[in-house]
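Following this line, the structures themselves.
Each of the next two complexes has chain A plus one more chain, namely chain B in the first and chain C in the second.
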Partner chain A sequence: MRKVLGRVVPAAIPLVVFMVGMEWLVRVGWIKAFLVPPPSAVFNTLLRDWRELFTALAKTSAGALAGFALGTVGGIAIGVFLSSSRAIQRAFYPYAVFFQTVPIIAIAPLLVIWFGYGMRTVVASAFIVSIFPVIANTLSGLLSTDPALRDLFRLYGASNSATLWKLRFPAALPQILTGLRIAGGLAVIGAIVGEFIGGQGLGSVVDVARTQQRTDKVFAAVLLASALGLALFGFINLLSRVLLRRWHASEQD
Partner chain B sequence: MSFQRRTFLKLLPATGFLAACSKSSSKIRLALNWKPDPEFGGFYAADFAKHGLDVELLPGGSGTPTVQMIGAGSAEFGIIQADELLLARARGNDVVALYAAFQNCPTAIMAHASRKLETIADLLKSGTLALESGLPFARMLKKKYGFDSVKIVPSPGGDLTTFLNDENFAQQCFLTAEPLQAKRKGVEVKVFPVSDIGYNPYTTVLAVSGELLRKNPELAKNMVTAVREGWRAYLDNPASANQKMHGLNPSMELASFAEIAEAQKPLLETSLLGKMTTERWSTLAAQLLELGDIPKAPPAAECFREL
Partner chain C sequence: MAVITAGRLENGGAAVRLHNLRRTFDDLVVINRLTLDIRAGEFLAILGPSGCGKSTLLRLIARLVEPTTGTVEVTPADVKFHTAYVFQDAHLLPWRTVLENTVLPLELMGTDTAESAARARAALAEVGLAEAEVRYPAQLSGGMRMRVSLARALVTQPKLLLLDEPFAALDEITRFRLDIRLRELWLERGMTVIFVTHSITEAAFLADRAVVLTRKGGGIKMDRRLALPEIRRNELRASPEFGREMEALLAAMEEES
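The block that comes next holds the complex of A and B.
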């Protein structure tokens, strides 16, 4: 219990100070409520419109998770493929970088034309933004295997695939998981951008609330999107702990 | 620049607040809610200097929150739609209308003529309809006819790709813009103005914050005079202003500027040139009240000022 408190309290202090400060600034009129809503208005909206907001959150979660899952599987597969030879890397890595530099907001309208309105556009958008960090981190992890261990494997005549699955991949896991942490947050952003154009979930709620000048609702939806990002982050940390606990310094107390 | 700005504004309606924190110049800023096009012809034709004004026109884009920018002071004047103003006032943003360029709302829905639709009600019986579902007219449509048998998707802005490729796709449009474009691409369209369902807010309205109006009524008066003369000039001869706007918005062809300037004339109702009435504002307020968009109807006299 003490341990939990010790962790939660330091993180909660800035939040409480910020909320109280915002509320106060709006109440005394330094910040106009139609520009930045007071936290109390945002919470009221969360309570009043919870059904609509949580239905939207469920949709956004589904889209973001699907895009993230595809990005993870695809990113790791591509990372492994790229690590197999220098020549392949030279040939394909620049195209992987391309995905990172795609301004998703600019091509989102095209996604609608290619994939139609709805979930597929949202998933595609989340996928495009989340795949690159996974590729980059997988590749970098696979390429930084301890040379001494690699020599040991070679000395014992281990096959390429045995070296990959028993040595290089496990050794790359910490970096791959870092890639997933980055990709998780990006997937939520990608999903919401997709929803602006594809029309569903929190993105759509934000879009509609904005035209109605409901800043309180915009912020309520943004809050839920952040919560989704945090949850995803927490899940990857948990995964990381399970996978690395027994051997990697980063997950040992 | 314009793209980044647009995206940013769309994502963060509170940007106006940040801008308000920076030091404002002596220039008078007029925030537009779209790129330079004939809809703003009168503003580009206006000779502000003649009335002692140094005015900078700020082009906007999809979702530029001009009404919030006026309230935040990041622009002294802005172009808004009458319904936006009522929503803003209901949320404590004191914004006042000064000049209504479009007497009739140019918002419409267009569908392929080949579908042989007679009314908006027919249009809502099948296919897909792209609109900004947060807008009052959209919710009025929903309330009146229901959206049970039509698929509602977000508006693609001015993009026609899906429309041109899908016969059963209808979309929200500007009476004077997309239908002409579709025709040029060889698609015959049927256009339904939203005023058909009795929803007709003043559009492309010059507005100012109540605070500025109280502090500097002279400035507002000069602004309105310059704008009125600008529209008069644009209606008589749009060529030079069109040239200017084409320079700022080269993706729109000069011929389109001329075509639209001609097509929008009936919506401007030149005899009134900017005038607004208490009846129109009251009707609109009552409609928004019925939709539940505003908790109570503000007195119409508060919403606009004749200068």
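The block that comes next holds the complex of A and C.
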């Protein structure tokens, strides 16, 4: 308990100071409330419009999670495929980089044409932005296997698949998890972008509230979107602690 | 020593014959025209300055690297899966327990059977780690990890044990203990041991025969039988005959550094 408090309290202090400061700056009139709403107004909006906001949050979560899950499975599969030979890497890796360089906001209208208005566009958008870090980290993890251990596996005549599943994949796990950590945050961004153009969720709430000059509602939706990103990040950290707890003496009690 | 003799006959060792061996990496000649006969059951130390090709020689014998020209002949010929290799660091799989790490070679060779775990436990007992089987590598000291690495090598009952500066990273007391244990294991099992090191003391303490490699070009500078007793204890380190062997090896090494 003390350990938890010790970690939460220092992080909470700047937040509280910031909120109180903003509230004060808006109330004395130094910042116009229609530009930046006071934290109390955002909080009131969260309470008043909670049904709409939380329905939107649920939809965004579903879209982001589905895109993230597809990105994870697809990214690991592509990473494993690319790691199988240098020729395959040379042939296909440049095309995998496409996912990294494509400006998602520019192709989002295309996604609407392909997948129609709704969840499928949102999932596709989240998938496209989240897959690359998974591919890149899986590949680099699979290629950086300890050469001595590879020798050991060869010495005992291990098959390629035994080497992959008993050595290279588990050894790559820390790097794959790093990729997932990055992909989680990107999936939320991808889902919101998808919703801007053709979906329903926090992204469309932001879009509508913007046209109504409801900055308090924009802030409330943004707050929920970042909470979603944080929750996903926390989940992956937890997963990584469970999976890697044997690796480091420090993570076991 | 009747028990020991029985053990030696039971397992036996492999003979290694290197003929006119040459290995280059691009333009770099690492091993050049090296011919060396290693008898079955011999304990050979290979000494040489850093970068003289000691590790490459070991990898050539293990068939992890192919020679550019020349031959490596190991008899009996089925020795492929009877070769074990111990690296400079323990190189254990951190996600596996001590026991699971020790079973690994049997698993990979496809000879994983009901008695595999029992064989792994026996190998762990031989290096004094019977109590640690459920622990993970991160929970062990450097010396214990190296013992696990040794148990992993012994679990297949190798006829040929190759060691590449295995104890170099350990403190001296731990190293002396492992030296003694390794020598005992060799006496008990009768396997052929090839031990690469840059430590003259370690080579003299462990081996019955020491080969000093030349600094450049990977040839042989000196090939010497060590006139030391079969059973070796720490007292030997202070004896005049040990000093004599050290002196001879030192002289050969000095000319090469």
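As a working rule, the second predicted complex is superposed on the first by the 247 of 253 C-alpha atoms of A that agree within 3 Å, B and C clash if a C-alpha of one lies under 4 Å from a C-alpha of the other, contacts with A are read in each partner's own complex, and residues count from 1 in each chain.
To be clear about the criterion, a contact is a pair of C-beta atoms (placed from the backbone, for glycine too) under 8 Å apart; a residue touches a chain by one contact, two chains touch by 3 or more.
What you see is a predicted model; the values in this text were computed from it and never measured.
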Label the relationship between chain B and chain C on chain A in the superposed model as either fit or clash. fit
Of the two partner chains, chain B (first) and chain C (second), which one does A:Val218 touch, if any: first, second, both, or neither? first
Please indicate which partner A:Arg241 is in contact with in the superposed arrangement: first for chain B, second for chain C, both, or neither. neither
For A:Leu155, using the defined touch cut-off, is the partner it touches chain B, chain C, both, or neither? Pick first, second, both or neither. second
Based on the superposed arrangement, let me know which partner A:Arg120 touches: chain B (first), chain C (second), both, or neither? neither
Taking the superposition as given, does A:Arg181 touch the first partner, chain B, the second, chain C, both, or neither? neither
Please work out whether A:Leu167 is in contact with chain B alone, chain C alone, both, or neither, and reply first, second, both or neither. second
After superposing the two complexes on chain A, what is the shortest C-alpha distance between chain B and chain C, in Å? 45
If I apply the document's touch criterion, which positions on chain A are contacted by chain B in one structure and by chain C in the other? none
Residue set of chain A touching chain B in the complex reads 31-36, 105-106, 109, 112-113, 117, 196-199, 204, 207-213, 215, 218
Per the contact definition, I'd like the list of chain A residues that touch chain C in the complex. 146, 148-149, 151-158, 162, 166-167, 170-171, 173, 246-249, 252
Taking the complex as given, what residues does chain B use to touch chain A? 3, 7, 10, 13-14, 16-17, 20, 63, 65, 67-68, 71-72, 84, 87-88, 91-93, 128, 132-135, 151-154, 156-157, 159, 161-162, 293
If you look only at chain C, which of its residues touch chain A in the complex? 59, 62, 64, 80-81, 83-85, 87, 89, 91, 93-95, 104-105, 107-110, 136, 138-139, 156
